[in-house]
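Presented sequentially are two complexes of subunit A, the first with subunit B as partner and the second with subunit C.
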Partner chain A sequence: MSPSTRHEFQSRPSAARRWESAALWLFRTATYVILICGALVFGNIVFKGSKTVFTTTAPFINVPFFTEAPESLYVFDYQGQKREMGDREFRAFKATHPEAKDIKAESYVYSAGGIFPCIVGTVLLVLGSMIIALTLGVSAAVYLSEYAKQGRAVTLIRLAILNLAGVPSIVFGLFGLGLFVIYLDWNVSLLAGWFTLAFMVLPVVITASEESLKAVPKGFREGSLALGATKWQTIRKNVLPYALPGILTSSILGIARVAGETAPIMFTAAYVVRDKLPWEGLTSVSDFFFQGVMALPYHIYVVSSKIPQNEYTERVQYGTAFVFLVIVALIATCSIVLRNKLRNRYKW
Partner chain B sequence: MDIKPSFTSPTSGRSIPVTPSPVGSTLIDIDHVDFFYGASQALHDINLKIEEKKVTAFIGPSGCGKSTLLRCLNRMNDLIDGTRVANGQIKIRGIDIYDPSVDVIELRKRVGMVFQKSNPFPKSIYENITYGLRLQGRSNKSDLDAVVEKSLRGAALWDEVKDRLHSSGLGLSGGQQQRLCIARAIAVEPEVILMDEPCSALDPIATVKVEELIQELRTKFTIVIVTHNMQQAARCSDKTAFFYMGKLIEFADTRAIFMNPANAQTEAYVSGRFG
Partner chain C sequence: METPRPTSQSDFLVNKKRIRVLGLSLDDATKFFFGGNAVVSIIVLALITYFLFQEGIGFFGQNHRNLLTYRQAGLEYVDFIRTQESGHIALTRYLSDLRLRQYNYYVAEQKMSPAAANQALVKFDDFAAQYGDAVEPIRGMVSDLTEQATAIKTKFLIAEDKKTERQQLLVAGKINEAAAVKIESVDFAAELHILTGVLPVYKQTSAEFAKKLDASLAVAPRLTTPELMARLDRFNQLTHDYLATFPATTRSLETWDYTRPVPWYQAISAFLFGREWLTASFWQDWYGIVPLLMGSVMVSFVALVIAVPLGVGAAIYINQIASSREQRIIKPSIEFISAFPSVVLGFFGIAVLGQSLRWLSQQTWLAWVPGFPFSERLNILTAGCLLALIAVPTIFTLAEDALQNVPKAFKEASFALGATRLQTIIKIVVPASLSGIISAVLLGLGRVIGETMVVLLCAGNRIAIPDFTAGLAVVTQPVHTMTGIIAQEMGEVVRGSIHYRALFVVGIVLFFLSLGINFIAQKIVRKYRISIG
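The block that comes next holds the complex of A and B.
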């Protein structure tokens, strides 16, 4: 049959066909727009941040950026050459070069040095809030799904927990300020930050834990109880271990997200700058819990909006953002690796 | 004399040491029991005496209350909100098991259960068997080893799994899994074993093995078995109770129920005219 002859299945234009291609075009464009936006954000941070984080000479990583505290940057002309130095280096330079004693240098705050105290602070905040959130959240989930009599009260509590997830982070920050910092008089401290972040992540932990507990077959509970186990023995030996992979994965992911929040810690735990590391200058154990720390998200906020902007601040802004992205990605990867490991241990 | 611990709570003071009684004497006395799920009555005035070291079968169409009654005997119904034994008593060796002084944990140690859907825990075969013992604080390795072998032999599973005690219980076939659950139940040395349709998910060959096992277990345990399968009841039980619509229609020697039922409904059911 020649192509020109019309036949039974001849394709012809129709409204349905036009809508079909329009819909396809819309969905495809939407996907690509999202992809491009994501790529732009990540590409921008990785590209500009890597200028700070990596170097062209061995060991190819800007070690001082990871190991030193933020310092002011001094820029000055010396013997016709433009020199850039961090605070300590500049003072040492002036000591060894008496002729440079009265040199006029422009200073740029936080633009030199590194972000070590911020990394330490963020890691401490994440670990502490994770421990508190898991303890409180898993206990509450066990109570709600295993012990509590299902009824209107429990439904109401669940609803309240879900609503908690919708509360803006700044409100959690103010709650932490009011309750922990002011009322309980903990001041701006690790402890206040831990509890504020933990409360913020609780809805995720409780919901995930309840889902994971529900996924454990009823037969395991009945089998255990029929052997003369108490309810708690059953939960501890024959329910929680199987629910743990799910609980941990979702909780760690939730905490990784919360670790990125600035608002909850800006009133409760974060210092703009602190010259001591958290383990330095402690006179008692409790001092550790009642000290404020520097933190990555707050540092990004400070260097992006709280100090005069110039050509030198971009380095620390993007460098910090890049490091922060990598740390959050690492936490997420850890949770996935952990889940895969635990999931293979118990299968049914 | 071998004195077994009683299942009353240690603090109640009602603890009565239990001595083995002769075969055929009443072990469980179900006395005028009404049972409710919320507002709906599932059991009506059940009267039944289960005899020591005999196999008692509960038969009847779906929803007749046979499983409900079985789960009353070790108080598994307690797990469901809104259930209650409204009237009557269930007595094991004269002790009302729904009395507030009864420790349900002790009761369940003495009245073991095998479920319709085999439910080995996702642990090794060894850990499955020792689960109940560890709950009681027994952790002596040689003691546990001995119980594992004895229980698996008792459940006719030893020869099939002795080389892979530490591999997962879920790696076994369906019939082996169910026998593992039986082994797990007998490891804690109960007096009574309740079996809730233990063969309904098994193929005919696995079913034969479990039935043979029941014949061996009857010498040591009192067995109550719920079954959908009338031939199974006929083959492996001494006494049979026929339930219909939450009522006990007839309870007699198995031979009598199947050969010469006194009740017309029983006859209709066992001859396959309904159910």
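The block that comes next holds the complex of A and C.
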């Protein structure tokens, strides 16, 4: 601004003012650095992963990647051409081409095929653990906000919840290994994974539910009680229905956390590789609960640490990471958007 | 609630039958059901503690036996001499470094051809060879003794195995089979006689070794620059220091006694202060948590150094400076970052960040940065950067909450006194919410120190205490962490073995560390909360 247009009450430039704007810019830079870093990570995975997940021809989505199980990839020269084949295809190729019998092929484990069993496993793990966590968590929250009177027991419960929230996920994994896998002899199984993950998100669910219950105005309860309803009737008819949307949306964040964790399922539920899908080869219903599964996060760990980085393995690495990141990000976005909407909707 | 007496029941107009099971009405039952669920959190916390200890506590007994075997089988005895040998190895390494410097000097400064440079170094090579060969007798001795001690240890371990086998048979009631198990008891005194018998030979060899070193130092050739000469002098000094340790080694060998008991507390102190985590070795396994703890601490430290300014700065910006439209966009975006799965971040570190950082470090215009260039793609810095991204959302959200809780009146009063925006932020708002910010940082620390996948994938997984003599460059070294070691080794160990239990003890340490951090964070919030009066 040139001096001629300056009017009388405008503040004059001074050293202090320059310092101030410099400092404010510093804070602004910090904020945007965070956002840029996040965007870089997200962008890199999405950009490179989309090459695996999407195709240029209809249906534009790499269907086999979503519907097949992981396989080894074989890369070899055949009649001067570089060929890449999955395990089954390669065997079929060898059978039909007798001259290619002793062909030398480089093999990369898990680099062909798809990630269907991993997606199934992750979905099963998330569903089961969230059912357990929601049952336990919502009930606990109802007790804490509706029934409990201030006392030592409640203080103790709150302290336990607070501390449980800070326990590292790998310690939950050790705990699951010690209690479920070894002591209860469930082995590496869905059930062990469910309970381990459920206990891990329990604090998140309890805190979120309690907040939503607290947000229901006192008048709702008092009105119902005044009409002669019992406490349980009041809670069932006049508190829970209004708190439920809030409980569910906040708990979605818990789902994102459950889906994203690797350490707790490493020793309790996840297999590196398993050829059967969870519903195949069951002899009884209980078999379903006592089987290990493949899971997306564990698969990412396996493919990124156990196989070398090169152009062949990169596809499955980035593809899996992309699918996983998008799933988790979608869940998280849902939770954040829904919560903001809810905040605006309910104003008592 | 009063229950109406049965006789007066007809007096009421509205009558409701209450179903009672075990003396509980439906309402009471629901209450207890909910209460029971709330207690689950306490139970889970108790169970975690219980099972960690149940699996882990046996470690100390096993470690004690491990240390006892180390002494009784004479491994400790051999290690005295081995230490002497490895001291010499370190010195020869110094010498070859010196040769490399001199060679570089010849080639780079005096423009000699490599052949000519090597020619000029012949004298030095002679000296180095003489110095290096002096240790041979000692080395031969160590390898002989190692074999003998290993044999004793193996014999002892087999005997122990047989003992447990017999015990198991006895428990199973198979007395005859138990009697058939032959146990060769190990007579340590006799077996160790071979070991301790070499002492006179050792004394002589050691004296000769010292003499040879001294003699070779005398023929050390002169080097060309003052700087290199100073290094050579330093080398002389180091050798003299090294020679001065010989009598102590001899003394420890003389006074060594395999019957000296290993105090019980050593099983604990060897774990807590042990500087080596060495498993599945043919010689002796060590379970010392220090390298892992240092790794965790270093990685978390780097992460916090990056995350605290960014997280707190962003919180201040969003809460105090940003327009409401910026707030509406940025806050959810940062929350969104917190949903990134850690394993994906770890993969990003392996695939992109590690390489990019290494590439950056090899740029000539960045050569002044300490530690640059580095060759290890996965190191403390790589893991720390990614962990910072995990810690930032936690720190940001909690710090923003703390800033939000500062009463508006504080700010208004400050403005009314004529303070600028920056002055108000720095002198009023931040100090008023400092307790909240500190606890946000602590909770961020708790999140980072318990993080597994990123450090497992990106910290380099080398079990060693970082070399702090490197100054700031220490952040470019690979480390292993407590969380990482559990995740990596738990899948491969035998259940109930000492290694398995050691991993559980690491878990216990981690558990209490995070509880402690949590506790301090809560304490700070409660103690220094400003009263809005």
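Rule of thumb we're sticking to: the second predicted complex is superposed on the first by the 312 of 348 C-alpha atoms of A that agree within 3 Å, B and C clash if a C-alpha of one lies under 4 Å from a C-alpha of the other, contacts with A are read in each partner's own complex, and residues count from 1 in each chain.
Here, contacts are C-beta pairs under 8 Å (C-beta built on N, C-alpha and C of every residue); 3 or more make two chains touch, one makes a residue touch a chain.
The shown structure was predicted, so the numbers you read here are calculated from the model rather than taken from an experiment.
By the touch criterion stated above, A:179 is placed in contact with subunit C alone, subunit B being left untouched. Touch counts on subunit A: comparing subunit C and subunit B, the chain ahead is C.
Of the two partner chains, subunit B is the only one touched by A:227; subunit C is not. Touch criterion not met for A:36: it reaches neither subunit B nor subunit C.
When both complexes are overlaid on chain A, the residue A:61 reaches neither subunit B nor subunit C. By the touch criterion stated above, A:164 is placed in contact with subunit C alone, subunit B being left untouched. Of the two partner chains, subunit C is the only one that A:148 touches; subunit B does not reach it.
Residues 230 of subunit A are contacted both by subunit B in one complex and by subunit C in the other.
Those residues of subunit C lying in contact with subunit A across their complex are 26-27, 30-31, 33-42, 44-45, 47-48, 51-52, 54-55, 309-311, 313-314, 316-318, 321-322, 330, 332-348, 350-352, 389, 392, 396, 420-422, 443, 446, 449-453, 456-457, 483, 486-487, 490-491, 495, 503-504, 507, 510-511, 514-515, 517-519, 522. Those residues of subunit B that touch subunit A in the complex are listed here as 74, 76, 79, 81, 105-106, 108-109, 112-113, 115, 117, 119-122, 131-132, 135-136, 168, 170, 181, 184-185, 188. Remark: subunit A residues 149-150, 217, 219-230, 233, 237-238, 242, 346-348 touch subunit B in the complex.
Per the touch definition, subunit A reaches subunit C in the complex via residues 16-17, 19-20, 23-24, 26-31, 33-35, 37-38, 41-42, 44-45, 135-137, 139-140, 142-144, 146-148, 156-157, 160-175, 177-179, 182-183, 199, 202-203, 206, 230-232, 253, 256-257, 259-263, 266-267, 297-298, 300-301, 304-305, 309, 314, 317-318, 321, 324-325, 328-329, 331-333, 336-337, 340.
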